[in-house]
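Some notes on the structure that comes next.
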Amino acid sequence: MTRSFIALLLIAVLLALVPFMMDDFFINLCSQILCYALFAVSLNLIVGYGGMTSLGHAAYFGIAAYAVTWLHTVAGWDHLTSAIGAVGVATGTAAVFGVLALRASGLSFLMITLALGQIVWGVAYRWVALTQGDNGMRFPQRPAPFGIDINGAMSFYYFSLIVFAVSVYVIWRVVNSPFGASLRGARDQPRRMRMLGHDVWMIRWAAFVMSGFWAAVAGLLFVYYQKFVSPYAVSLQQSAEVLLMTILGGASTLTGPMVGAIIVTLVKNVASTYVERWNALLGLIFVLAVVFMPTGLVPGFRRLISRKKPAAAPADETATPPAAAPERAS
Amino acid sequence: MQFWLIQTLNSIAFGGLLFLLSSGFSLIFGLMRMPNLAHGAFFMLGAYFGATFMNWGANFWIAALLSGLAVGVLGVILERGLLRKLAGNAQGQVLVTLGVSFIIADVCLMVWTGDPVPVPAPQWARPPMFLMGYAFPTYRLVVLVIAVIAAVLLYLLMERTRLGAMIRAGVDDMEMARGVGIRVSLLFMMVFMLGAALAGLGGTIGGPIMQAYPGLDADMLPLALVVVILGGVGSLMGAFVGSFAVGFIYNFGTALFPDFAYVILFLPMVAVLVLMPEGLFAGSRQ
Amino acid sequence: MIPALEITGLSKRFGGLVVTRDITMRIAPGERRLIIGPNGAGKTTLFNQITGDLRPDAGSVRLFGEELLKLRTKDRVAKGLARTYQILTLFPQDTLLHNVVLALLGLRGERWDFWRALRRRSELFDLAHDALTQVGLGGSGDRLVAETSYGERRRLELAMALAQKPKLLLLDEPLAGLSQNERNAVSALLTTIPRDVTIVMIEHDMDVALAFAEQITVLHFGEVIVEGTRAEVVADPRTREIYLGE
């Protein structure tokens, strides 16, 4: 309790002080990282805790971004209603897609999520009347929650930080709840879970929908930050990028995807100042991560520490089982 | 009338191309139990290679064969160099093929720039053919003939040769295949090479119709996925029927409802998933 | 009296292979029934059809008069069915307590609680501890399954099933792979299970199994060959034929 609590407090203070230590460029970068970190944590609900690898998660992220833009600029709704409506649309899509994708498991699940994601991409790209196609849509003005202006880099960072912290807290609660335990159980031994009376399908579907919901919240942050959304937001590249963050950092831990988001976003931003294209680098990191760090950075690092101090493994950390390399029985 | 005839022919030709793409995809999936997400990139690479070989003076057919060969070799390198290291970790393998597809796509963009590269059809196939008063694009008929020849050859390979028997055994039951002394690792390599080569060949053959352009890989991969979801994993016949079905849906969809072609394309897949998920995925469930 | 388990005309085939052929069986409440038969006799396949892992082609399976075949596995469990697996099916990265808690959650509404921390649910952990104590693992609750011995895992299988307070318990070779000492310990444990639990057991260890069971069913090639009391089955020439004849 005490040690992890102190660590958490330290991180919170550090995060709160970020704007005082950096210039606008880096503050914006940090806002971007928070958005992607939430996106990756949302995906990790199904990938890490649920054992369901999705290659179409950008769909819910991007649908929320498109929907809030459309509702606000075309339909003329106010900011709050648009945001709620957009999250609703994206979560509803996740509910329907979840029913379809969960017809299968394992790699077939992955293929179906990819195909479903491509449908969304096809709509974003081709249905020009709705989405303005390749040109993308502009989101003219950030909202002003409680009348507070968040157009500046610093104020937007704090806005993102609050949304991020609240979201991650809720996800943390879910992961540690009885439902979270059932979700991990369904990942490791689906057959046994059924025989224990659990509704494995419903557990997975609920996790899928939740995962879509939080991806949608991240999508809102994204479009508020960029003030622009294009088909890239729902592309296979985007889905792959967020999956890379999750796997690179270490699925089945809460912090892993955040670390992955930090690394990938930094590399992407640094790389884009030197090379024109990011895709080859993304692909390369993907290959290296899978071949050399199959369980990800955070679990690997944790194993390293616990090997030095075998007694230090905190017993209360149910959210992040040490060395949880689940044998995925599906 | 002309519209329907031409669209029908286009659909058939496109279906033929899809068969070249998805037959290999399906065999690899059936045997190695993993969707090769670099398959679209292989196809695109085939298109670019074809254009380049012809630029260097090769005739169309030589260029097509060389592209197939080159992409096939690339497939072997991918299989031997990376996938085999991840044996038993199907998910890792899939992610690696995805990573490789991004690398290939980016390298293509570097080498051939962002502008589409035309792939010329053979000289004699360029003027249209006239049959019963209607003009037909000759090259589409050529594509159809190639696809049918490829299908027949693949069928013979699968049904009449030792290699084919081993592949069928592996698709049906890997453990049994291992048990009767089939060298599975060699088999994987050969099927991966065959699949990659077919995709590369298909890329050049499809070039005159589609051109080589950045994003061709991302356009083609989902089509292969849909074909396999419709036709079943590891089944040549399924890939054949599925390819032409998707060819028709995609072509007519694009012609009639350009905004929704992509959505229409996936509707049959959704229908299949809702109505009979077990049947179509039975082979890959495990 | 309504039988605890009533199987009628149960049949299942895979292509040309018949794995269950018109099986009919009645098991009285509180009975200890042993199912024996050579490998491939269709014993586990029968269990899988009772639990719903496998869908039979024809027949009926009633639990205290209620048809099970239309229900999903989880709903059968809710009716009071529990089983253990011959091949250990546990959660190896979790503690023994956590394994039993998952079993308890399966029958409780709290499994849809998304908010409150599981580890604060002391009543669940108390119940889990009781179940572990029942099988002699009361002191090992905080150990990871991966760190326990094979014998302890066999007991955990049993604890998870018992924690659910089932009406009908299916035991698939609960002694498989155990040493003689452990066998004696586990079989002694089985005799302590109260009579309001009906038990159907598959077991190869004849000494233990015959001592435990009152009624015995012999399966061969998916078919019931002999059924009766211990003495009847042992004396029946067909039993000898199956076990010694080949």
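For clarity, chains are labelled A, B and C in written order, and residue numbers in each chain start from 1.
By definition in this document, contacts are C-beta pairs under 8 Å (C-beta built on N, C-alpha and C of every residue); 3 or more make two chains touch, one makes a residue touch a chain.
Model, not experiment: these values are computed from the prediction.
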Per Cα centroids, the chain farthest from chain B: C
Most centrally placed chain - per-chain CA mean versus overall CA mean: A
Chain pair bearing the highest count of C-beta contacts: A-B
Chain centre separation (chain B, chain C; CA means) in Å: 49
Centroid distance [mean C-alpha coordinates] between chain C and chain A, Å: 42
Mean-CA-position distance for chain B and chain A (Å): 32
Residues on chain B engaged by chain A in the complex (per definition of touch): 33-35, 37, 82, 85-86, 89-92, 94-96, 98-103, 105-107, 109-110, 218, 222, 225-226, 228-229, 258-263, 265-266, 269-270, 273-274, 277, 281, 284-286
Chain C - residues contacting chain A, complex: 51-53, 72-74, 77-78, 82-83, 85, 89-94, 98, 101-103, 105-107, 110-119, 121, 142, 160, 164
Residue ranges of chain A in contact with chain C within the complex: 173-174, 176-182, 185, 188-189, 191-200, 315-316, 318, 321, 323-324, 326-327
Touching residues on chain A, where the partner in the complex is chain B: 53, 55, 100, 103-108, 110-112, 114-116, 118-119, 121-123, 125-129, 235-237, 240, 243, 247, 277, 279-280, 282-287, 290-291, 294, 328
